[in-house]
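Shared between the two complexes below is subunit A, which pairs with subunit B and subunit C, respectively.
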Partner chain A sequence: MLEVQPGPAITDVPVNRQHTASGAFATDRDRHRCWIVVGALVALGLALAFGLLAWGNPLPFGSPGFWRIAQMRATSLIVIAIVVTCQAVATIAFQSATNNRIITPSIMGFEALYIATQTAAVFFLGVTGVVVLKGVPQFALQLLIMVLFAMLLYGWLLSGKYGNLQVMLLVGIVLGGGLGSVSGFMQRLLTPSEFDVLTARLFGSISKAEVEYLPLALPLCIAAAGLLWVRSRRLNVVAMGRDVTTNLGLNHRREIMIVLFLVSVLMAVSTALIGPMTFLGFLVATLAYQFAGTHDHRFIFPVAVLTGFVTLTGAYFVLKNIFYAQGAVSIIIEAIGGATFLVVLLRKGKL
Partner chain B sequence: MKAQITARKTDPMPALTTLTRDRGSLFDWKLLLGFIGVSVLLVLSLFTGVFDISGGEAGWEMFNITRVPRTIALVLAGAAMAMSGLVMQLLTQNRFVEPTTTGTTEWAGLGLMTMMIVAPGAELMPRMIGAIGTAFVGTMIFFLFLRRVTLTSSLIVPIVGIMLGAVVGAVTTYLALATNSLQSMGIWFAGSFTTAIRGQYEALWIVAIVAVIVFVTADRFTVAGLGKDVATNVGLDYNRVVLLGTGLIAVATGVVTVVVGNLPFLGLIVPNVVSMVRGDDLRSNLPWVCLLGVAIVTVCDLVGRTIIAPFEIPVSLILGVVGSIVFISILLRSRRYA
Partner chain C sequence: MIEINGVCKNYSSSARIGPVNLQIPKGGITALVGPNGAGKSTLLTMAGRLLDPDAGTLTISGHDISRTRSKDLAKIVSILRQENHFVTRLTVRQLVGLGRFPHSGGRINRVDEEAITRAIDFFKLTELEGRYLDQLSGGQRQRAYVAMVLCQETDYILLDEPLNNLDMKHSVQMMKHLRKVADELGRTVVIVLHDINFAAHYADWICAMKDGQIVEFGTPEQILVDETLSRIFDTPVSCMRGPKGPIAVYY
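Right after this comes the complex of A and B.
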């Protein structure tokens, strides 16, 4: 079921074809199914969002007090929406650009860089380092460092005569590993109390996000994700690989660089906002391809964002209101994402 | 040089010179020179440290308790990890594979962590068995995956392997987080020879057995490196060799992870550098792989011991930085011939 053709679904041999025009869907049934899925996801997402706002709210619905409490909770809802949009769109775009369905951009050194800067701050400035790193300018700086790092890396490795996508991926991962050992070393020299403070920063947590970052994070996220969505048709072509892309008259390297730039912005926003989430994007992308029944990015992006929103709010809702363990949300998501990765990996026929 | 590398690209592994090789050529003056070089490093390692060992009885005692075990541990761990990398590269027919790029190390870590949670007071032995067991299972999963998929590029293998390692590593981290042992886990996994003292390092001798077995069965791995069809054709039980190889890798990785910690990229850079210089004959390369592995670990350890003396930097940090630089340069070199 997961062995899918690369790139957009072409009307190959549909079983019950009713019209011959080529489009995003193989059959009309697929089209209907996609719309039903979108409808269901929207309904579920709205219900969960409302549930998060209203569940356990001590004041009667509609009263001013109710809205005040709901407003406070709405912040975490917005954070969820931003993170999910970033991760989902970035992962799908990254997978298409690299022509590899089992990869996530988070292993490309973003997390390692985030961990390294955070660790370095605590290492050089002590516990105050964490405080120093808080604030909108610092947040912007963190974003800038991450995007710059990514662009330097991609630009260097993809340019020139021997530009090679696979080598770029591997170099990114290995660089991440190298950075990881640098942070590992610094972490070893911390006192246990400093280490404790640092640990709190290094694990993905929705409640950790600062409200004052949102005015910067939200527009960036919308802009980057929106631009990627606008470029959907180009991505559809790029997803078919370098030769096809060139053949169809697109500058493959240029397209990839643009996609990678937008991906790095999205990843930087997500990571700097709540910390590393390695497998959320992977989980969401895999589910979205299952749900959507098409490989047209115009449909895949929204489906993925909705899926991600439902997944994350669902996990948050269940763990917060039923198990009273909201700190474990990212852990659960990561565990499920990791398990999905293993299953997908073993079922793959070709890579 | 260039011809060698292109040959390496088209024919992933061994050279056919094995058939015509003069057995006597194994030990030539170059190997002797390498041997002397490594010996000098080891002697340096014996005499590097804070404690003044020239001070009579106490000095001699200290020398025996710390310096000798540490140097032996360097030799054993360096050789074992370098050879594990080599065997793994042969079995997968892929240059970019070694215990850290296939998740084997992370699996061993998971086993170690599980044993520490299930039986907190466990001795070294049960911990080691846990690490070896999970390392074996994890490596088999990876090999299983490799056999099932058709690969479009040899670089996919390490990418998938590192992703797999990240999944397993995440599980271990969360286990550690849940049991409040994150910082001690970091210390466990950061490869360091600080703890290699009398009474604690002896388990490493197990990997010496692994090394001997690899030397004895070297030709089988060479043939297995030609692929399943060729190997079966010349009368080799391919699956048994894969099983044997995986077992050896798991034992070496498990033991080294528990006793020393993570030694990243060692198994990757050593065989690659050796075959860049010498070509691809496993048996005559093996001594060189061992020597170079020992030399790199020893140099990194010496640097770690002296750079911020009287404190130490874990060898895995230096190895991680040096290893990733060498790995990246190998990658960048390889893309010219890709």
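Right after this comes the complex of A and C.
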């Protein structure tokens, strides 16, 4: 019988070399660490979610009344999940697209635009008009305005002859500042009662979100975040900058426009749902880079979403059950989140 | 062969490059030399399609780079810019692995892994492959970058001043590696060099640029002539026979 000899190796590569380290993780240790982090975050997230549903529930566990109350509280959990998914995925995608890890999409004038539209609504329509203009149409309109603004800005700034990311960022910041000034001016002309209505709308607040927005917000969030996750491998390349991206055969401008469009959808959903959350995305992204221990977006995205969920549910839980102030979650996010961020930064010595 | 026909790039009315007509032969090392601001890097980046020319056509082994899909070009030509700053934290092996993207689409299989290992071993980075880029010296990092474009396995490799910031030893090592890339792997290397003596010793062809124009193209022996070099660099240069071929003395 003919013995099949193994043909000569195509290469002179020694067979004992590890052929695994080119992927997402440099070593097996990093890989294990990432999975442990994911496991810990999932466990913590589940515990906090259960805590939010069950803590302080006046009815005995398992009774129909218990579940009814838990069901009502579950809405907040869904809102939290949507917001952190939007903020975490948008911030990381934005940072990779712009090759800059110390900015967030918020500085591109998103929040200023939200504040400006809300202020303009109160300014021009008055309290009565704003109260009439509520519900899904108002939410959809807010979404549409923000995505349109973002696409106009990005499209205009990136397509010009001298179009580049730095100019885009700078113009975004300047426009954000300008919109902020316009809002500030209009706010000064409001009557105290109108201003009161407006202030309530401008605080980042989970309990503020309307249940009726969710059927629109949830699919948009899942679709945009999912598309970005599917494009992870391309994002890994785009994060290396324009020259490397082009050299490796991707159309850099096209990739950036797609990413920025999806980012603007995510940011619009989050901001229109609960208002500005400037610090959350930045905090979550920075922590996720540390936790994930890889450059691969396939892992960074989920780790970031989990980190964000734990952070936000934790903050919400503390505020609601210890300080009885569930309204202003953004305050504790900035306090605890900022502290964590500083500790990580000081210990590691770099971003 | 890289064919450049009537390529122009206008930065302003006073700073314009071209029209350039040039044919860079297939195989060997072609060095682009010339004074600062002559347009060497601009020409190279246009050939690597990182910069769009304002006029003219560029063809690389029969493919017009403005018409060919970028994805297909990435398997024909690769380019490395002078400045590389990456925010992403990568190990040497992961960086080199990114060079496989045109072939793998980011899904690295066994063939890719072998190509990565070959490129790493070729540039003597075997011991360093698990190190992060921020843990390397400048010379080692530069080698890792070049290994990345080598790993792309393109026939044409364009390098913009790869000797920048390298000391004597690392410069010589890099040029020897590139010589091997050309001789043993049969790739065509086009390289922007500042030191005319490196070009003279390691390149097969020297292309001299000045004020956005090609002024000379030839073998090192043809270019290393007192009068020619003095004219190109606007400074008195005298060429002499060194122990390993012609040397230009300009200090």
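Throughout what follows, the second predicted complex is superposed on the first by the 309 of 351 C-alpha atoms of A that agree within 3 Å, B and C clash if a C-alpha of one lies under 4 Å from a C-alpha of the other, contacts with A are read in each partner's own complex, and residues count from 1 in each chain.
Heads up, the rule we're going with is that a residue touches a chain if its C-beta (ideal position, glycine included) is under 8 Å from a C-beta of that chain, and two chains touch if they have at least 3 such contacts.
The shown structure was predicted, so the numbers you read here are calculated from the model rather than taken from an experiment.
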Taking the superposition on A as described, I'd like to know which of subunit B and subunit C A:237 touches: first, second, both or neither. second
Is A:107 in contact with subunit B, with subunit C, with both, or with neither (first, second, both, neither)? first
Which partner does A:26 contact after superposing on A: first (subunit B), second (subunit C), both, neither? second
Looking at A:295, would you say it contacts subunit B, subunit C, both, or neither? Reply first, second, both or neither. second
Regarding the shared-chain residue A:249, is it in contact with subunit B (first), subunit C (second), both, or neither? second
So, does A:192 touch the first partner subunit B, the second partner subunit C, both, or neither? first
Could you look at A:227 and tell me whether it touches subunit B, subunit C, both or neither (first, second, both, neither)? neither
Using the superposition on chain A described above, determine whether A:164 touches subunit B (first), subunit C (second), both, or neither. first
By the touch definition at the top of the document, which applies to A:346: first (subunit B), second (subunit C), both, or neither? first
If you lay the two complexes on top of each other, which residues of subunit A touch subunit B in one and subunit C in the other? 100
Residue ranges of subunit A in contact with subunit C within the complex: 10-11, 13, 17, 19-23, 26-27, 95-96, 99-101, 232-234, 236-237, 239-244, 246-251, 295
Across the complex, what residues on subunit C touch subunit A? 48-50, 69-75, 78-81, 84-91, 93-94, 96-102, 105-108, 110, 112-114, 116-118, 121, 129-130, 132, 149, 152
As the complex stands, subunit A meets subunit B at residues 100, 102-104, 107, 162, 164, 166-167, 169-171, 173-175, 177-178, 180-182, 184-185, 187-188, 192, 195, 199, 203, 278-279, 331, 334-335, 338, 341-342, 345-346, 348-351
Contact residues on subunit B for subunit A in the complex? 96, 100, 141, 144-145, 148-153, 155-156, 158-160, 162-164, 166-167, 170-171, 174, 177, 182-183, 186-187, 190, 264-265, 313-314, 316-317, 319-321, 323-325, 327-328, 331-332, 334-336, 338
